[in-house]
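Below are structures written as structure tokens.
In what comes next, chain A is part of two complexes: it sits with chain B in the first one and with chain C in the second one.
Now for the complex of A and B:
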């Protein structure tokens, strides 16, 4: 290895700041430094492994400034800068932690951070007055839903509207809706979508007892940023009125955020109503006593209903079985 | 035979979790009870999402769930709570604190 580093691999011995230091870079540089685009492929024989960009320091600080300083919502900042909502939330938490560490005088691994930022591709922060921000990643991705795995042959007469909403109903085996409602919705799809996103508790359910589940909704409302679809529709409808569309977008976003905040508040209040907190003088702990219901409806006819309180009897727990993941694999924001 | 309101241990080794149950006094601890009326998680939970000011004074909490109307019914028909359950019901304000019996 040392022989290789002295001869062929000599250009890779020290990295060039702002460029990757991968093996294919050798060919691009051709012995002399700084020729062509830096490679994003660390392993020359694996073309499918592409190293993704990370957030640059400026972009990271900008995210924190907009969320914490300007009090913008995570949703708005995510759409503006093209960064996933989970990543925006994580950046805010980590920057806060960094600030706290600085305050406490803890040492930071700054040389390490600097070296990493110099050696991997980063998404720079564009000056917003001159250029549009290049998106860091795809923000509206949606994993395939389990219900859509089935291949269903479903004949529909030509006279009928068959939208994505209808397709979702077919996948979850819900009865078809009245033709008139479907035609009305097809005339104004944006409103139909926002009605679903603003009232998720009113989504119809199918199935009985433990098998009850909400009807599968179209991808338009399940994606993280449904409001962007409406925005795009407006943009196509009014191609020359940039300001107007922008204003409508801001208003819509504000309205969505307000509704979401109200919904969260109501849910929180409901949770609080069912909870009584006791702080005995003699104890170090607080006791949170939640009201639950034990009845025929919750326990079910065989006493194994999932909505009743307590661990179930006669239902094996598979937590020691092979393939059961106990370490959390994702953070739900 | 006496009907008792008592705890049944679930969970794994070193990870207890209790169902608050109504059962015949002579039945085994984890056998199928007459009714499950609540749960107790004895592990103190750290409250999250607090401001720095709140975090300084916040206590760790223990989670209890309880169906109060079922407890009142079973107490009304003469079920006897065990000592740990008595303490829980006292916290919920359903029974008076037990007088310490002289040892």
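Now for the complex of A and C:
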């Protein structure tokens, strides 16, 4: 081993600033090893895992600046810079925390952070304004829905307009729609889609009781940025009017944000209404009391629903049994 | 829990660890042979190999309960394609679009076997995805610990918080959006090079001195600081006797700074440390010439300006150029400073939005106004200026401190770079050693997010072992 470390493994001992330094993969080791391109494959046997780039310091600060300083929405910043919305939110949280640390004079792990950023590929911030920022990751990831795992044989007549919406309905076993509605929607797909994204609670459901579930929606709705599809449609329709399309995009984004904010506010209010907080004096605890409804909907038809709260006669509690999780499952701030 | 996570050379096992033994085992790992072996045997081997890497600290029964046959995957969608096409074309023909003529479409890609198709989704690599949710594994993946075992120790010893609350369970399953944070000192210890025996001895001596000096025991660091200051005061007394040769001192300072900044790996750490110490001493000597006694505790910009003033140094440049240069002087906030001074220069130029510092302005104005000083002024080029500044920055950010449990100045431990990657389901801020678990890991066409050293055949065999249809 030590012989290997002194000969073949010697280049791995120290990092090369600005490039990765992984074990060369087996194919490269045998044949021509091109020194120009550093490999992004840390494990020689696994070609399906690549070391993906992390956000550079400047890009991180830029995200924070746009969200906190310029008060842009997370959705807009995500679409501008090609960074996932959840990541944008996390970056804001982390940078905010870093600032607080600096204010308090807590020591940061600067040499360590520098070394890590030298070892791992990073996505740089495009410094000139004319260049488009290279996207950090794909922002429109569509999660594979479990209903689509099944292969379904579904004969369709050739005259029928069978779109992604129809396919989703077939997967969730919803009845076919009236063809007048279909033609109406096909005439203005953008509006039909935004009707769904703006009112997610009004999505049609199938099944009864515990098996009730919403109809599987098409990819246009289920991706994180459905407004981009509408934007692309506009661009295709008006290929030469950049200004107009841009303006429409901004307006649409603003409208979507407002609707989303309202929806969140309403949901928050409803939650608050159901919850009453009691904090006795001279106590360090706050009691949050929620009204519990024991009905057929919550406990199931046989009264034994596992999700329903409270002790019910004849329903054993398995909390001491082997395999039950006995450590915290969440940390609420 | 006894640590069974050994890395024997005779029976090579790959572990979640950055040790050099593990690196060697990884380098000689090959796919296990399948010829002449029953399917059961192949699955058994695959399962034991992958379980040695994935969650060896988790009991088998515990893992079997965590296992899920439903593997998460995503498909990246292109909004342009979605806008162009409503999918009705796929309903034509026999259910997968109209067939193309053979010359248009020679071999459809999806007919290739998964092992040769680069766009196939590697589902079975996601077998151990539920384990990536564990707190100890996530800490290791965020590069905060050098092995999962160490990460587990950090959690148990109480230096990890989740959402700001101390979490002592390594088996805590992170939820999307959870922020976990490890004590920076622990992280620096875990990822830094270890001390050699001389450094350990130095630390011991320092600690003893501090104890003797402060009976009240105000804290080792304070004492160490004081000891250092006393030392430098002694030097300054000697130095005050002779007059300061500004030009000579500046030259030596520059040389020292340059030798510090060169990232030559051949220089021994001890030699390097000597150089840094020398530089530090020289800086202190220069600063002791300054009339302002509070300068040692002042911030970096002031210190730098003071040094420049004392040494009567300035840059060769016209006023406008100087102005632009001053703008590039950013304050302490430049975290990602590469080792080479040239790169540093370009980087500071890139973030040229900070205001010119007052102290520096003042120093330059004084230098410009006094004609007799002007004669004495040594002129520095841009590069030299940058080198000196950067050396000073490094001295402050990465100081020599023998009370620390790792070798100082901090440097990454050997062979760390071969294991350094951050998976996409985490967003890590290494400055504060905090990370957010964004979402569960997913597979996408061509790649999976679960870091696993094994190839497709081991992953598939292990997955089918846990399907329990043996």
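Criterion: the second predicted complex is superposed on the first by the 250 of 333 C-alpha atoms of A that agree within 3 Å, B and C clash if a C-alpha of one lies under 4 Å from a C-alpha of the other, contacts with A are read in each partner's own complex, and residues count from 1 in each chain.
The working rule: a residue touches a chain if its C-beta (ideal position, glycine included) is under 8 Å from a C-beta of that chain, and two chains touch if they have at least 3 such contacts.
Owing to the predicted nature of the structure, the values given are computational and were not obtained by experimental measurement.
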First, second, both or neither for A:71, with chain B first and chain C second: neither
First, second, both or neither for A:57, with chain B first and chain C second: second
Touched partner set for A:138, first chain B, second chain C, both or neither: second
Touching partner for A:162 - first (chain B), second (chain C), both, neither: second
First, second, both or neither for A:280, with chain B first and chain C second: first
Which of chain B and chain C A:211 touches, first, second, both or neither: neither
Contacts of A:129 with chain B and chain C, given as first, second, both or neither: neither
Per-residue touch tally on chain A - higher for chain B or for chain C: C
Touching residues (chain side chain B, partner chain A) in the complex: 10-12, 17, 19-21, 32-33, 35-39, 44, 59-68, 70, 91-92
Chain A residues within the chain C interface of the complex: 1, 4-5, 8-9, 12-18, 20-23, 42-52, 54-58, 60, 84, 86-87, 90-91, 93-95, 97-98, 101, 107-120, 127, 137-138, 140-144, 146, 156, 158, 160-164, 166-167, 186, 189, 218-220, 223, 225, 228-233, 235-236, 323, 327-333
Contact set on chain A toward chain B in their complex: 276-280, 284-294, 299, 308-311, 313-314, 319
Contacting residues of chain C [partner chain A, same complex]: 9, 20-21, 23-24, 26-27, 29-31, 61, 65, 70, 72-80, 82-84, 86-88, 91-92, 122, 125, 143, 162-165, 167, 169, 171-173, 175-179, 184, 187-188, 191-192, 263, 265, 335-340, 343, 350-351, 397-398, 409-412, 414-424, 427-436, 438-439, 442, 444, 446-456, 458
